[in-house]
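Note that the chains are named A, B and C in the order they appear, and that numbering of residues resets to 1 at the start of each chain.
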Amino acid sequence: MPLIIKDEYPEKLFRDDGKRLDGRDKTELRPIKMEVGVVENADGSAYLEWGNNKIFAAVYGPREVHPHHLAKPDRGILRVFYRMTTYSVFERKRPAPGRREKEISMVIADCLEPLLFLELYPGTSFEVFIEVMDADGGTRCAATTVAALALADAGIPMKSLVTAVAVGKIDDELVVDLSGIEDKAGQADLPCAITWFNEELSLLQFDGDMNLKQMEEFLSLAKTALSEIYQIQLDALKKKYIEIQEEVSGGNS
Amino acid sequence: MSFKDEEQGIKDNNQEEEEEAVNTEDDSDPDEFEDEETTRNLVVPGEILTTDTKTFSPGRGTILTQDRSKIISLNIGLKQTKKNYINVIPLRGFYTPRPGDKVLALVTDKNPVKYRLDINSKEDAILKPKNTMKRGRETRGMRGGPPDRNTSNTDMFNIGDILIAKILSADRLNSPELTTVGKYLGKKNNGIVISIDPPKIPRVIGREGSMIKNLKNLTKSTIFVTQNGRIWLKAEDIAHERLLVDAIRKIEREAHTVGLTDRMVDYIENEKKKRGLK
Amino acid sequence: MMKIKRVISAIEKNYITQNLRKEERFDGRGLWEYRDISIKHDVIASAEGSADVSLGKTRIMTGLKYDVGVPFPDLPDEGVCTVMAELLPIASPLFERGPPDEQSIELARVVDRGIRHADCVQTKKLCIEANKAVYILFIDMYVLNYAGNLIDVGGISALTTLISAHVPEGKMEDGKLVWTGKYLDGEYLVNEMPLVLTYGKIDNVIFLDPSLPEELICDGKISISVTEDSITSIQKSGTATFSFDEINMLAKKTMEIGKKLRKDLNLWQYKVNYK
């Protein structure tokens, strides 16, 4: 029987000054940093740091499908593989993919698919590999956000980006962007993602309990947060090119 | 389209016999990055290009939203307005084969009836032995007899060979088919091949081949650029080849900026001095 | 160079081979030079030690996790230190998903042997109480981008991970494990500094740190682990054969280059002080 220090849940998730344990206000996001083109070999890639979450996403495709029987004659397929490293969590995770990883892969694939024109690429596959190097709550949202960036970086025609965030309830208060500990010790968790071309929800899960009024509140909180993250995504996608433009014009004048 | 290819080829050939042809894109403007009407506006997928859908129509890399209220971009790229079309010139993307394109292809497999070649596209291309030989008298059998052995086997090329081939047919459902019969087509026996982002190939060619001419002259090299994002090159020594590859990488990196051709000339001249090359 | 494919083109193979004979490599390196190495340490908050190491475009991220378990009956006062490697499908179109393949097992095994036989981690120090509780350390390597020579990067990243370690210190009190609030750091855990150096061989030319195209076309490779003053493990792979003279020459070279590399990398700067 292994003996391990348990990560203990605190009694209260708010400090005396009304801020959250990591010093944030209720609607404040954790610091987010994104970058594209981080994996040389991939057709498209992106890296994201969202609080303590550190996630890589890489896209390969369109390419021939392995195993071949999965290929569809009339359309391409999108496959998403969300994985966590053994050391990304408190207790060492087993190296083989678990049920949770498979479910999240599916949820993310369903979320991304409406963005693409898969019917244009029959018999091929697009593969999105998401690797969570360090996890601290909200990884499925962070993974969805970074996967969209990787797809855009690969130059795969897509209707828009997609952005995701989790809102939740801790100590009876509604908050945005749950951290790992808030996720575990909190009362409710609602991860959601928006596809910007139609501004509709493309990923939605919920665990906990809420009444109708709270539901409305939840969604409006999410919408504000999503716009904020979307801006970071856009900047990350353009940054690489703008920097080169500036470097070049600076050298000329 | 192919007429233009030939014309470019002949022009180059007159200058120097060994010079390789430039495979210009069959669009009317090979270097649309330098187009005056191309704004330096970077756009990303989903970005609204215009809400004036009465005046403008969606062109390449764009789509009209379902409610027909706006035109949005499908790619990360540069916004370009041509007449009343709005296009997005992509900065990233993959190669889609089109009939008539010349491609640098790698033989990855063969059996007695066909070769399979990697052309940096979503699927391998097929090359049949009959498309590797000129149909001349010598290959035809005697008096309508069975064709010569040479036309019906795959002894000509080996796995690992690099070929310059032309795409005969390509569509969404079937594997593209190639031919190696034609001017400048066939096997490469030396030099090296490098890959760049296929959408940036027009920049390596430059307007009317200006960029590639500079590259060739300044590094004393032969270059063959193909639409599938591959460049074959050979210079007098590895130092010149290194410089040439560095220059191409710089073009790839700065593809979305203005004044690239002039800058590249300065770059190569400076680097030659720095590296002590003639 | 061309984007990676399963088949390397014949002209690329010729090009590399001919230039190697003239002691020229496309990236401008000499035969006994490494590509640029960059190291970041303690990058993973959830791990008890971690490193992000790049060698040219090859990149590996490694993390340390621990567990406390009952020791093996035949080694009642020794802990365990294991190394695992995964070639993520992110890292190359040549890598596939699924259970570890030969290449990842070889990577883990060679790095593991480099550490084990150098007495880098003294397993007796991992004992909390004999017969009752010992530490099990897991060094897990994940390849993020594959551009040749995973083994050397793996070796540096595993060692840096151990040096940046901060494993909670436990002791047994009345048969129960309690945490002292202190940490076992790199200085406690790391006893020797093994480095593994890999050479490729094409025809009769031997060269250090094969890049990806060099690795894909080479006849064989040899990886030699060394500490400051001894050779601790050797792994030959591929179909190439090495003469006795070549092996002697390589052993000497490895000691020399290893000494310099150890000094240049100065891995002790990555030690982490917790409390």
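Here, a residue touches a chain if its C-beta (ideal position, glycine included) is under 8 Å from a C-beta of that chain, and two chains touch if they have at least 3 such contacts.
Given the structure is predicted, the values throughout are model-derived calculations rather than measurements.
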| item | value |
| --- | --- |
| Chain grouping by contact, computed as though chain B were missing | one piece |
| Chain at maximum distance from chain B, centres defined as averaged CA atoms | C |
| Distance between the centres, which are taken as Cα means, of chain C and chain B, whole angstrom | 41 |
| Chain centre separation (chain A, chain C; CA means) in Å | 31 |
| Centre-of-Cα separation between chain B and chain A, whole angstrom | 36 |
| Chain C, residues touching no fewer than two other chains | none |
| Residues of chain A touching at least two other chains | 63 |
| Contacts with two or more other chains, residues of chain B listed in rising order | none |
| Parts of chain A lying in touch with chain B, wherever the complex brings them together | 43-44, 61-64, 115, 120-124, 152-161, 196-198, 234, 237-238, 241-242, 244-245, 248-249, 252 |
| Of chain C, residues touching chain A in the complex | 4, 43-47, 50, 57, 61, 63-70, 84, 86, 88-93, 96-97, 99, 133, 138, 140, 142, 144-147, 168, 170, 177, 179 |
| Chain A residues within the chain C interface of the complex | 1-5, 39-42, 45, 52, 54, 56-58, 60, 63, 66, 81, 83, 85-90, 92, 95-96, 127, 129, 131, 133-136 |
| Interfacial residue positions of chain B with respect to chain A in the complex | 40, 42, 44-47, 61, 63, 65-66, 72, 74-76, 90-94, 122-124, 172-173, 197, 199, 253-254, 256-257, 259, 263 |
| Touching residues (chain side chain C, partner chain B) in the complex | 1-3, 5-15, 19, 24, 26, 28 |
